[in-house]
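Look at the two complexes coming up: chain A is in both, with chain B in one and chain C in the other.
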Partner chain A sequence: MPHDFTPDPAAQPPGSAPNDGSRRTFMKQAGGILGLALAPPLISQAERLTAFSKTVAGVAAMQLKVNGTVRTIQAEPRVTLLDALRENLDLTGTKKGCDHGQCGACTVLVDGRRVNSCLTLAVMNQNKEITTIEGLGQGEELHPMQQAFLKHDGFQCGYCTPGQIMSGVACVQEGHAKTDDQAREWMSGNLCRCGAYPNIVAAVREVAQRK
Partner chain B sequence: MDTEPQFFETNPKAGVVGQPLDRVEGRDKVTGKAKYSAEFNALPGLVHAVLKTSDVAKGRITGFDTSAALKQPGVLAILTHQNLPKLAKTPNDAEGKKAIGAPMGFMPLTSDQIHYAGQPVAIVVADTLERAQYAAALLKVQVAAEKPLASYEDPRAELFDPTKVQDGKTPAHTVRGNAQAAFAAAPLQLTHKYTHAINHHNPMEPGATTAHWEAPDRLTVYDATQGVTRTQKALSTMLGLPTEQVRVVTKFIGGGFGCKGSSWPHTILTVQAAKAVGRPVKLSLTRPQMFTGMGHREDQTQTLKVGATQDGKLTALIHEKTSTTSPWDNYAEPNSKIINMLYACENFESSYQLARANVMTSTFTRAPGEAPGSFAIECSLDDLAYQIGIDPIEIRLRNYAEKDPSTGQPWSSKSLKQCYARGAELFGWSKRNPKAGATRDGRLLVGWGMATASYPVHNSQGTARARLYADGHAVVQAGATDLGTGTYTVMTQVAADALGLPMDKVRFELGDTRLPTAPNSGGSVAAGTVSSSVYMAVQDVWQKLIKVAVLDKKSPLYRAKPADVEVKQGRLQLKGNPQKGEEFGALMKRAEMTDVEGNGQGRYGSGYEDAQAAANADPTKKDEAAHHSMHSFGAHFCEVKVDPELGTVRVTRWVSVHGAGRILNAKTARSQIIGGSIFGIGAALMEGTVRDPNYARYTNASLADYHIPVNADIPDMTVEFVEEHDPYINAMGVKGIGEISMVGVSAAVANAVFHATGKRIRSLPITPDKVLETKAVQV
Partner chain C sequence: MNNFSYTQASTAKEATGILKDKPAAAYIAGGTTLLDLMKAHLQEHPQLVDINMLPFKGIEQTADGLRIGAMERMSDVGENALVLQQFSAVSESLLLAASPQLRNMASIGGNILQRTRCGYFRDAAFPCNKRVPGSGCPALTGDNHNLAILGTSEACIATAYPGDLSVALAAFDAVLTLENQKGKQRRVPVTDFYLLPGKTPHRETVLEPGELIVAVTIPTAAHTRRSTYLKVRERSSYAYALASAAVGLDVQAGTIRSARVALGGVGSKPWRSPEAEKVLTGAPATEATFRAAAAAALRGAQPRDDNRFKIELAQNTLVQALLKVAG
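And then the complex of A and B:
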């Protein structure tokens, strides 16, 4: 997740610093609870989770604007954006590979920025523009990045692919695909076990050069 | 030799077969429409299950406290060994294990025993995923823990001779000639130990199952499996249901690499949970559970003794492997097989030793045996080349095997010399400074290494169905799996050419036990077996139509002998007089046939050359039951740059050239070779799961801590295939490339590291600490 530690201003759209749905902001907001939770082994896992759920339990309506449409779901506040997309909205194009922000398979765009949707709660992403793989193309017409992945065979099994494509779109927009090496570096938050990396670089670079 | 038609005969000029076409299922994958096994949300009343797993590696469950968990809203069931209904059959005894085809002779939740960390001890079902996860966290398991044993390296471990390994498929002892005497007499003697870390497959899609009981005795399971038929057999046997009442569906699978090649406990547990709550249930393993849920490549040490003449000709190979296995099974990858066949050497001996530990059973991982085995033989060959001062390719040519040394059989085909030559040319090998540690790029040390690759064409068979419609389109089916290897695409290509139809008029369906049975996608057998099945099914279509034509007074082929009729591009015509004939559509319309259906059996490997000999052969001898030894061969070339201060190794160039029979799609085949090479680079440089020696728990069971290659680790790669025509292996002449892509890769990297640094590192992965600690040798 390049945007979690990078100081590069190109990755940070203006005004996105507070409340941007990233892990940093979440940690700040939930500092008290997590402070408690991060103090093992004095308390058990169950007790930590109990402490957490006391603060935030309960099913409630939330509105998520996904691919241009506002949709209401009934869910608990502990539901991640990833699970809300997959389980509540049946947008299963966004994949769960690790649920811990380690693989990038769940990458979506939130207000134009790439975000690991497993690391942010759905409740925190209300009033934001969420784009998933299902909303990338225009009707039947594929987004240029989708076309480039097809042409360059930027995948095999296809499971990391939606995340790679969403990440690739953002990577180009950020200006982080100006050379092959730069694209490799800035696409390294998205793991591919089938090993399509050279083809992914070819696809991302082709779209970057077209711009 | 078989008398079946072969693709090269009926299609001397292939149309789309071999072409670098885009994937036919690609659009579904890039738009998110492709549905994987945990994505069937439309099932009525679908609920979620999670596994509760054991933190301790050995002990006994003394009780559960479910009170807090059951109080949670939405919790539907907590199932443990105390309340789960008994299975009709379990793999807990040898007979049950065999009947089920289970990878592991132990089923969790059938007793209070805990044998390994991460073993499932309960399955929790709730209406949402979060509630199931939370309830599982609240569930308290009381355990009487005992001190576990972590590996064969533990001083308490008891090594034993397993007689056979790999579920009886490989003998633990092989002797050819007199290796001990030949080694003792050899002018050059090398004895080296090679260790391999535990590796986990880590497909991006975790193991996942959705189980739907449509009736009390009828079940559909969407499962992330490399073989729907094998999973169907396992589930129906355990449940005591007729096979056909269990349907298994896998339309898309997010990688497998061997770990989805067997039916592991979570699948049947999900099925049982669905039965218990009376609703469809889905379960995905968490990423940490992927390290203790679907097998691994075992921790292992190989000792390889090489005896050679002064000019580098091998006279003796003695291979010993020691590895960890589970409390119940004698599993070890068969490393010795490739060492036995790769080079001409008259004296060979191999043996396996195992030690039981508190781990789950290891399983096939891409190129099982060949990957770590080739690491040993290919590094030792490199050593030999340095010792006598010749080029690494030259040492391999001096020991080139003109026939299979392990069986004495002639090769069905072998293009290894061309692979060496072409690979060297593409790589610029001739410019290599032979001296180790002598090439620099600024402060970085540069090394060039290479290694040989080979993988067998295993014995396998399968079936397919082709339905051709009079209007000129077709549906072709086989219950195969597309692991991302291109099965959907290449089978569409084969069917299109065989039928003489354009690609867009052919739909290929797979991944469902309602379709004709195909083998597991594993062991590199899928491409060859399924393509041959498809091809044979189409031949059956033509034979049926030829019979119609010769009886039809209005057909130009009326009263022709069926044997005199051939089909070219969908046109039935006389062999001697091609003018005389007609298109299939015209014939079918006149006969008022809307469609015609053909079935075919594709055979692969020795079963193609001699079906009965292969069928009758002992399980350890099936692959060699026919007249030829069948292997693909190739060569990998690698450049690394090593930072001498930090010990970091980066792969900076890569060339792979393979001779693997007919290549069905140049684009997807290239992707598969790249992918296998990257898998091997991971094993070479970074992959290793660490089992705590005291607690026998994995310390790095996550994708943050178990490093697989990322994009920045991988350079651009060059892949080529040597054109090969092999009439002995199957009707399509396909050898399969899933595994060979990885064989020899870790050795090529290690040999490049040696060339860069003069440091011979025989322990995988080659991490910076090892690079810094290892002393350079003078060569």
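And then the complex of A and C:
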């Protein structure tokens, strides 16, 4: 049965101790606090982000603009965008499933388009707007697609969920979720081993119909 | 992946110049094929040259037909209004391929150059004449259920191009514009671009070392007005074709004036069928004609133990596609 797990923002003031002690809640709050503290210098850094060196060999500085914030990492050119997000930027919401572009767990948005972050290099994604699952909500407020996944129970183990949600957001944006069949076809790049497909389709369709 | 240096090229001259000095380097556009193969250690390159900045872009009407830049992405071409209007088979071949994410990434040039999905090619633990010339082909007697039945050799039975787009391009007489290291351009029909395996399955196309695909041009003709791409898979989406057919018919007063037929998933290269076209041209547009054309298309098939089913499957796929455009 679909049930609503959407947290009531009034029940928990911002910055209060994690009430379930979970790593996820902690990470989310820590990220928020860190984001606030670092915001002003990074905005000026964003303005400076223009050209980058044409040839990169060995460990080199790269600038990635993720969820609106420019951050500098030290990485080799062979580092994929997925590994840079997870290992260099500690944005572990984006999952590594197959690492070969077959499962969709690593789906992120680059300049508003959904891509498999495992099959593109971090070095190639400088000067682009990257959005991950961590950047979808507004502070404590979930994105409508996140809320719809909770409402429709669009997951079981949760491993494919960040990729499903990112793909779902793009799918609706593209106008490819007008019918259940169309949503299924255009979500086919995201596999779910638990088989939550009917609930995922329900979540994507609900957001599409609200638009 | 092995480590490599990365260079972003601004011009074709700069890109080809790097490969001239370092022939083991490789171009990267979308990266969806290249990085996949490099992660599996099936290809290793000391340097990758990013060609995304090259001006091989745009989808425009020219005197020769619709010209599509090699750096355009599959998703953009598949949903382009001009492509949809003039070549529905080309649009379908793109939108039935891969996944939305991969289609957002993969370039047209890269799609044309994608490599086989043969399990023995993709597993470095096995010999493979494509990877290591002369090492042997375990597919001949191994799991070959999704390998080719047309154009094969004793050295290789892979569907060297496993994708969809080039099947439609081969059907509709598309021509590739290539640019070599001297900056000289040449035009090669898609049907001549891919090589049959013969004794040299490691040579897959006529592309010279360092040569770039600049664009593909598809001429409009009476038979492109009604066209379709039908793809049969092991699941309903996100899979390579077991068999597919790109067809176009010009039917006037019940008679076929001109026809184009190419098959995917069954040939060692995108399989244009002049045999089927010969049966169709001048004949009544009936199911009996389509059955005869399908029989002609598969006449030379050489199935192995596990892929015998593909003869009937490809015939039925072709008949269904022809019925759809004749309808």
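A few comments on the model shown:
Throughout what follows, the second predicted complex is superposed on the first by the 154 of 211 C-alpha atoms of A that agree within 3 Å, B and C clash if a C-alpha of one lies under 4 Å from a C-alpha of the other, contacts with A are read in each partner's own complex, and residues count from 1 in each chain.
Here, contacts are C-beta pairs under 8 Å (C-beta built on N, C-alpha and C of every residue); 3 or more make two chains touch, one makes a residue touch a chain.
Since the model is a prediction, treat every value here as computed from it, not as a measurement.
Once both complexes are superposed on chain A, the partners chain B and chain C fit side by side without clashing. Chain A has more of its residues touched by B than by the other of chain B and chain C. After overlaying the two complexes on the shared chain, residue contacts for A:133 are found with chain B alone; chain C is out of touch. By the touch criterion defined above, A:188 lies against chain B and chain C together after alignment on the C-alpha atoms of chain A.
By the document's definition of touching, neither partner reaches A:70: not chain B, not chain C.
Applying the stated contact rule after C-alpha superposition, one finds that A:165 touches chain B and leaves chain C untouched. In the superposed model, A:100 lies in contact with both chain B and chain C. Closest C-alpha contact of chain B with chain C, superposed model: 5 Å. Comparing the two complexes, residues 76, 78, 99-100, 184-185, 188-190 of chain A contact chain B in one case and chain C in the other. Taken in their complex, chain B has these residues touching chain A: 22-23, 25-36, 38-39, 41-42, 48, 68, 128-130, 134, 137-138, 140, 201-206, 252-255, 257, 284, 286-287, 483-486, 667-668, 670-672, 674-679, 702-704, 708-717. Listing the residues of chain A that touch chain B in their complex gives 45-46, 49-50, 53, 75-76, 78-79, 83, 86-87, 90-100, 102-103, 105, 132-134, 136-137, 142, 146, 149-151, 153, 155-162, 165, 180-181, 183-185, 187-201. Taken together, the chain C residues at the contact with chain A in this complex read 1-8, 10, 28, 30-32, 35-36, 39-40, 48, 50, 52, 75, 98-102, 104-105, 237-238. The touching residues of chain A, when paired with chain C in their complex, are 54-58, 76-78, 80, 99-101, 104, 107, 113-116, 118-121, 123-124, 167, 170-171, 174, 176, 184-186, 188-190.
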